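The structures considered in this document are given below.
Both complexes shown next keep chain A, but they swap its partner, so chain B is in the first and chain C is in the second.
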Partner chain A sequence: MTLKDLTKPWAAFNYGFLDESAKRELRRKMLKAVAVPGYQVPYASREVPMARGWGTGGLQATLTLLKPTSVVKVIDQGADDSVNAVSIRKFFARVGGAVETEDTQKATIIQSRHRIPEEKLREDQILVLQVPDPEPLRAVQPDMSIAREMHGDADYGQLWLVLYEQLVKSGRIIQGSSYPSMVNGRYVISPSPIPRWDVKKLHQADHLTILSAGREKRIYAVPPYTNVEPLVFDDVPYRVEDHQDKTCYRSNVTGFFMNELPQDDGSSRHELSDSHFGVKQIRRNEGEAVEIAKTWYNNGRMD
Partner chain B sequence: MAALFNTVPRHEPRLMLAEPMLSMRGISKSFGEVKAVIDVDVTVYPGEVLGIVGESGSGKSTLLRMMNLEDTPEAGSYHLSLPDQEERNLFTLDRFERRMLRARHIGIVYQNPHLGLLMGHTSSGNVAERLLIAGNRNFADLRSRARESLQASEFPLERIDARPRELSGGMQQRVQLAKAIALEPAVLLLDEPTTGLDVSVQALVLDTLKRLQQERAITMVLVSHDLGVIRTMADRVMVMRRGRVVEQGLADQIFQDPQHEYTQQLVHAKL
Partner chain C sequence: MSLSILPTADDSRTNAIFEELIWALSRPGLLRTMPAGGFTAIAESLLDRECTFHVLGDRVLDGESAGDLERDLAATGARRADLAQADYVFAALRSAQAVDDLSRLRIGTLAYPDEAATVFTPANFGTGQQLRLSGPGIRDSVTITVGGIDASFWQMRAKAIRYPLGFDLYLVDGDDVVGIPRSTKVEVL
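Right, the complex of A and B next:
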């Protein structure tokens, strides 16, 4: 017997880029994260051919979940066609043989930063969110080990204090993204930099959400049908962005999260932030038989 | 300061017939070789001010830390007369229960305001945090109760949204005090509350403390090395030295007729 017989034949890289031990670790950490909703599980973030802070956490989670039959959609600020989104999506196709898509409904895995698609996700879909800063307590407690103790004690008074002071100072809550939210009545998470508009979509959702921070080496999850409650005061209701009555100038759709486009004359136009959702609306307007799934928000309201 | 003794009517004489509000029995605590507190008993009756005097290293602050459940002794028990906790030795509580008990029933004012306050948050926010930890989630209520509490500690109301780091030492102590009394604690612990303040500010803060004590009959434990402060505030005095209580009794008794050699030295050094 020679050494050659004992080793695997040479390949340029392992299936799904990460080696099996890395994927095994990530799978175990994901299971733990699902078992303890909202708890930040530390993991050994591997090197991937992308700079830390560009979605390496999400990339590793998706690579682990990948199989040859996977259909992958990647969203960057709501759009499928930004450089970052395209290159990540192509990477999945190249190292995992995954099918690329821009259609929320066709995807099995959706990796995203900043947005959750407007169309409702199903039980068989997984949402992977890239997280730059997983620690909701970072602003009030710079010492990470003390912050972990505070999570252990469910000592979240100071997070409310931050909201209290925003109300005192500005008369309303100005926390725009990463709105601290209580998962399953126990752990407060930072739901990645999604807008307040999207936080409500995590509550009692049909799909599994994995949140992964590559630079900070933390992974946490919101399992399906789990309570996600943004921190609010009894007498100050949670308020999403005022996009209810904004109309997309491309697709003439009203009541979804919009990008504001400042115009030369000082006014502004709006376009749908979820770009493929917009594409589908336009194609439908043009008479094509496009299937659009149920949306979380209807007429700018969610209930 | 002389006026304050006449303005507010004194309460009924506080006889030691009532159930004690706070009782500690057989407390011993050591740090390695050093025995900080040796077999100390403390009893505080409702509405009374117990002064603990002693030199640095006599164990008085360690004792206060244990009253605040920040530290656990090697031996001893601790009871507070609270509706739901009467039978329990508070040293057996777990971390979470301790924290809740501290938030709801124990107020503390530290010598160093950095220990008791979040310097980067507003003063009213500091008071509100106490209420938030205790589970209050109503903004309007938090706001008004923080204001009330700051008013009670004679904090200037136009500055309630200033950060403690922008405030003077005396003001910072008032914020600490407002935070401590916000939930009407069963016992208010004062760890050298006026040390480090100049004499006139010290007098004003003591004035506030005295008034609060008389209006609300708050049970207080006051630790100080300053006999003047103890004499102004305390009903009863405990003198500690090298981890032991060497003498205790009514304030007048201790100051006029000290029995123990050490107390005699202490009183005469002052006078």
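Right, the complex of A and C next:
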């Protein structure tokens, strides 16, 4: 065995940007991540033509899964049309020949930052979440080697303390995003900076979720039909954002996660955060036959 | 600038095999069919110079097809290693002796549970032992019938796995594959 035997013929460019050895490493790590739900698997995290912190983790996971028949949707804070989302989506089309979409139902891979779509994902879809800080223990334990031991021992007492202090200081739990959640009764994860509204969508879902942090070089997963339980006290139930009664001023839809738009007169208006979901609602209002899938929340409530 | 955006035949094959493997592992007990079968194709999608492997038994894990699995695995650049150190273990589990040998598998450490072995074993689906699986990736429970694996294996597996420590298993029958990660509870019916 020589290196020459392992070398492939020269090519100007590899399909899907990453070279094959990078993809093999990611495949191995993704499989381990699925096998131990919630455990943060270290991985190499290669250079991609984008600065760390802008979704390089999600990008690498998606590139590994990508094939020419993939249909990719990219979300940035709920929107398909932000610069970050558009340029990532175009990148997949350019280096992977993938089909671009904004429609949640049509996508096979959904890469997202900060939101999970309002429409329920199917079991043949994969959700890739970009994660800036994968370590739920960082606030209580800056030393990552010790944090690793704490995960090994399932030593999560200090996270409860953080929540308790919020409760004492503010009268309620103010953790707005990255809400620490127990996966499969063993590992606490940061579900990435999705709002509390979205954390429940990971619990016993039909789809596979892969969470990848490029800068921090960790990848973890929530398989389908897996318990994801936000950390809560027995006597203080988990509360999602109070958006149940908010109505989108553009689509007239009520009961979904909204963006609040401050107005000059001090009041505020709301619009749907999931932009393409809003587009579909508006088209439907205008009389177009638009197919909208079942949503996780109905009238602002889950179940 | 024009880019070659089409994958080569190798790229497509390894990508498709990985897709089946991750489907199989995220939905334990579900039978998935790979486009190109066999242990060599699996190795080609996962293994390279960064990995170690060990083959237990062989003549392509029971001689049905001619070939040399060891040689094919080594051709990926992966290194042979002792069973207790190997990342990827290809083993036929038809006898109690083979199962006994396998008890030295790497199960990872609490700090790094991912540094555990992955086992690929030949099996026959549809005949033999009934197993009820439950755990992540399974809604309620699922029952599968697996032959070609010694009865002592499931007990050995239950003993070896101290979740999150343990090994991950793929049962391979020709082109078909079933994944059983360490998080799955296996009940022998």
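A few comments on the model shown:
The definition used in the following text is that the second predicted complex is superposed on the first by the 291 of 303 C-alpha atoms of A that agree within 3 Å, B and C clash if a C-alpha of one lies under 4 Å from a C-alpha of the other, contacts with A are read in each partner's own complex, and residues count from 1 in each chain.
Everything that follows uses one rule, which is that a contact is a pair of C-beta atoms (placed from the backbone, for glycine too) under 8 Å apart; a residue touches a chain by one contact, two chains touch by 3 or more.
In this text the structure is predicted, and so the values were computed from the model without any measurement.
In the superposition on chain A, contact of A:Asp153 is made with both chain B and chain C. By the touch criterion defined above, A:Met258 lies against neither chain B nor chain C after alignment on the C-alpha atoms of chain A.
Looking at the shared chain after the overlay, A:Ala11 reaches chain C, while chain B stays out of its contact range.
Set against each other, chain B and chain C differ in how many residues of chain A they touch, and the higher count belongs to C. Once the two complexes are laid over each other on the shared chain, residue contacts for A:Ile75 go to neither chain B nor chain C.
Of the two partner chains, chain B is the only one touched by A:Tyr164; chain C is not. When the shared chain is aligned, chain B comes close enough to touch A:Val236, but chain C does not.
Of the residues of chain A, those at positions 153 touch chain B in one of the two structures and chain C in the other. Across the interface of their complex, chain B is touched by residues 140, 153-155, 157-158, 160-161, 164-165, 167-169, 232-236 of chain A.
Contact residues on chain A toward chain C in their complex (touch as defined above): 1, 5-6, 8, 11-16, 20-21, 23-25, 27-37, 39, 41-42, 64-68, 94-97, 123, 148-149, 152-153, 184, 186-187, 204, 208, 221, 223-227.
Looking at the complex, you find that chain C touches chain A at residues 3-8, 10-12, 14-16, 18-19, 21-22, 25-27, 45-51, 74-77, 109-114, 116, 118, 135-139, 163-164, 168, 181-183.
For chain B in complex with chain A, the touching residues are 95-96, 99, 118, 121-122, 124-125, 128-129, 132-133, 137-143, 161.
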